[in-house]
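For clarity, chains are labelled A, B and C in written order, and residue numbers in each chain start from 1.
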Amino acid sequence: MREITLSQAVNEALAEEMRRDETVFIIGEDVAEAGTPFKVLSGLVEEFGTARVVDTPIAEPGFMGIAVGAAMTGTRPVVDLMFGDFIYLIMDQLCNQAAKTHYMSGGKLSVPLVLRTNLGATRRSAAQHSQSLHALVAHIPGLKVALPSSAYEAKGLMKTAIRDDNPVVIFEDKLMYQDKAPVPEEEYLIPFGEANVLREGSDITLIGTSSMVQVCQKAAEILGSEGISAEVIDPRTIVPLDEETLLASARKTSRVIVVDEGHQSFGVTGEIASRINEKAFYHLDAPVLRMGAMDVPVPFSPALEDITVPTPESVVENARRLVHGEMIHAA
Amino acid sequence: MSRAKAKKSNVDDYLRMYRQMARIRAFEDNANQLYLSAKMPGLTHMYSGEEAVAVGICEALRVTDKITSTHRGHGHCVAKGAEFKEMFCELLGKEEGYCRGKGGSMHIADQSNGNLGANAIVGGSMGIATGSAFTAKLLGKDDVTVCFFGDGATAQGLWYEVMNMAALWKLPVIYACENNGYSEYTRTDEIAAGSIVARAEAFGIESHQVDGQDVLAVNALTEKLVARARKGEGPFFVELKTYRYHGHHVGDINRDYYRSKDEEKDWKENRDPIIRFRSWLVEQGIANEAEIDAMNAEIADDAKAAVDYALAAKYPDSTEVDMHVYTDVKHALARGDAR
Amino acid sequence: MPHEVIMPALGMAQDSGLIVAWHKRPGDAVSEGDVLFEVETDKATMEVEAQTDGFLLQVRRDAGDDVPVGEVIAMIGDSKEDVQAEESPADAPLPADTDLPTGREVIMPALGMAQDSGLIVAWHKAPGDAVAAGDILFEVETDKSTMEVEAGHDGFVAALLAEAGEDAPVGEAIAIISADKPEAPVQRSRKSAPAAAPTAPPAATAPKAAPKAPVPATPPPPARAEVVSEHDRILASPKARRLALEQRLDLNRLVREGYPQPYHVKDLEILRSLPAEAAPGPSSGARRITAQVPSDGFSRFALWAAEQAGLQDDGALLAGLAGASLKSDGAVVAVETPVGTRHYSVPGRQFGDVAETDSGTAVDLVLRDLRSSRIGSVHLGPEDSPVLTVSARGEGFALTLECASHHLTASEAVALLSDFAGRMEQPLRHLL
């Protein structure tokens, strides 16, 4: 199978959906000729024109609000938010308007929009361009949240997101745009709420999101060489969350580590760990561990930044302790 | 009253304008009573006094044209064609309300008549209205969207962002600022520097000021602007000088500290849009006093019947609580999670 | 002192109760425990008993009334006099609402953000006064601020139904304004108003929650884990506990055998592989009992014996304690250590008399001294003689007695081990 980058995969997904459905359009800063700073959208304006690949002023709340209104009246906007960190700027439009409109109108109005943005540290971009804020929006009922972990996932999830009648937020990992993966030529979609079991194992389950899926994969390889059989699962979407698959794996291996790049406290790792604890408690042979980003603003210095995120080595170390029956956080 | 002369062919339109204004007043009088007598939950804001704004504008719109509304939104909703029964049911949180009781006074939406909904965030719908106009342009439709907001909302930054884009892209949107002189409990001159009209003009947007108590003047201006917006000459800005008879919300009754009783009395007695239009109708021979009284009585009966119906109507079943969170999930919490 | 009879809160989520029937009539003598009335709530009918002795009086609510929880519905007085005293005011005819003048009701308005009632600070009009809609009719205090409320209607004050200083629920009519000048304007307080059905707030008419399942009189005993630790709580993973429960494995055995906690699923394999514990009873050939003692008693004693009494052979001390525990009139004890075995004759309680003897002598008791080894627990089965094993466990010693049933009866075995444990814990008492 051919291999393309995550960036190309997103580009293909958008182009295919825009060809299929003329109500789909892209709106955001420097999305047209510039094709975004990450060049993800390069070439789209040539095919679809500036009417459907709409450059905006630097006014995130404004174009987000316009997208909400456009979505409510018969179009399918794909909003391009240059950095995930800017999500704070559009919170009212996203969380008070887009997320609640369907509910507040008793099901009469809907907001079929996609918010494309990114996450991920270790790009030396410091505290305002490095955050992974997906937990923030996953907290809000009415929004769906997808976290692609490869080029293949990015394309399939984007196409599903565009066809979804609800507001969907997709976070791409900005360090993965140039990562290649096999992506079929023929069309495919990846349904929301169906986790992907990347590797089967019997001793421990590693649940990873976005780029942390790769971290878990590498950790599983190291553990395998030590005779520890690790299962690796990518939930793909955290809202909706495929609890069944995660719980089944937890019941099978009886040990789980959840790895996510958002801040560890009050985050995705805690939510998933808590659900496993509630629903698979009597199958657990060890506490479910959370591994998120350190609870500090992302530092600039490489010497500091690199230690804030989970690594294959840190995952392996925790996995060993669980499998060997070490007392974790014993009083 | 504006110098407009009644044209024979417009008789029905004039009577309909009067009826719509009288309906808004009747709706609000009943809503006020429901709230004060603790039969209505929540918080509500009365539109009484501003009727000519909503009616003058909405009478210039088609059903397919869109509006966005505000926390003081009952008037917009009635003017755009909503029914009393579904509105009162919504105010009382009943299943037959426009939003099945999930929105309430501050979130009534009536998409069948192009009302994209009231918004409890001041200025929160400015993006939505502009986006609705964007849809019309993208899809090549000639719909026009009117964005209602108050003078208080002109302090929100969102407005300037979306006006900028609407002007750049020539979107068919009319920003209608209902300047009732008060931003919640504060006089507008204390919160607005310079001229509000000049702010829109700074974006190159054609702007107008009109007497918001004169339904004919409002309607005549809106007719012109809507026609031009349909041809791609938008956006436009209109500042409508008007007045709210009640406080910011029902319950804000001792408001001497921000405005005087004399001022209120003056607006109510000398500038009431309904009284003024009524005398004009009689003067022009469009209707006589008895006919108008009969119309008022009929509206009062309609309102009372709708209130009685809503009071007796059924609340939504508790199983509705997790419905309509997502379009494709019947019960969002059925599996302990959205699926 | 009259006692209030109130509508009790009986259901799980109950706002009110429906009086189905009164079982006593006004003036009846009642005793504590008598059924006073029946109330229906949450789909169940319950009998409510009198809480005190006395006479029922002032019944304010009738059968068929739905009464808010907490409302006083009757009184129980001490005497017939109480009945008279309490009933006399009730005899006075109260103005029924139908007696009120006709006109527009003025209600206590809901003004605050979260307001249930308003305190009437003052009336600005008196009964009979003419009022205009914009006139201030009264002042109300709510949410810590005082507001002036307008009459709302033109006309005359026909009735004031609450007094200044009274708190009225929002929605309640507190005045009546009539179009014509009233002939007999009414002024009264809320307290004197006839009991009328209160205006139900929206919450009261909200759909009721699904009926709750009745609480059984005696709840079933909670399912108990069979794993009950002998000492402290056992640390084990949830899965290990669940599997142990399902497979009837006793985690205490792992504790007794000295396996370190916490236990995980893999430890259950060890548990399954352990030989069956000796079942009690004469048919069994083997006995094994264990005890645990602190080690400092013996350690201090050994130190003292070496320094003060010149008894430097730990083996002899152990043999002395063990031998005396078995027989008071002399025994031969073989002391096994990882290094080797030595035999001692123990004629009595005096350590000085304990002497090493030939290895050929018939042995009454073997003392296996594993204090210096890493073995925590033994389960070796009976040998030719009873075997007492002393091993280190934590801060103390584990003492294990193993023997065949023909060596010692069960009670002899228990006596031997408890005697020995006592001597090990307090060796000085052995000398007394």
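The rule is simple: contacts are C-beta pairs under 8 Å (C-beta built on N, C-alpha and C of every residue); 3 or more make two chains touch, one makes a residue touch a chain.
Because the structure is a prediction, the values reported are computed rather than measured.
J.: Which chain's mean C-alpha position is nearest the mean C-alpha position of the whole protein set?
T.: Looking at where each chain's C-alpha mean falls, the closest to the middle is A.
J.: State the pair with the higher C-beta contact count; candidates are A-B and B-C.
T.: By the number of C-beta pairs in contact, the winner is A-B.
J.: Need the CA-centroid distance for the pair chain A / chain C, whole Å please.
T.: 45
J.: Using Cα averages as centroids, what's the distance between chain A and chain B in whole Å?
T.: Computed value for the inter-centroid distance: 40 Å.
J.: Measuring from the mean C-alpha position of chain B to the mean C-alpha position of chain C, what distance in angstrom results?
T.: Those two chain centres are 57 Å apart.
J.: Applying the document's contact rule, which stretches of chain C touch chain B when the two form their complex?
T.: 107, 109-113, 115, 134, 145-150, 169-171, 199, 201-202, 205-207, 209-210
J.: Can you list the chain C residues touching chain A in their complex?
T.: On the chain C side, the touching residues are 235, 237-242, 262, 264-267.
J.: Residues of chain A touching chain C in their complex?
T.: For this pair, the touching residues of chain A are 254, 281-286, 325, 327, 330.
J.: Mind listing the chain B positions that touch chain A in their complex?
T.: Against chain A, chain B makes touches at 66, 68, 97-103, 107, 109, 111, 116-117, 119, 121, 124-136, 138-139, 143, 145, 157-158, 161-162, 164-165, 168-169, 323-329, 332, 335-339.
J.: What part of chain A is in contact with chain B in the complex they form?
T.: By the definition above, chain A touches chain B via 23, 25, 51-52, 54, 56-57, 59, 61-75, 77, 92-93, 96-97, 101-110, 112, 141-142, 144, 164-166, 193, 239-241, 243, 275, 279.
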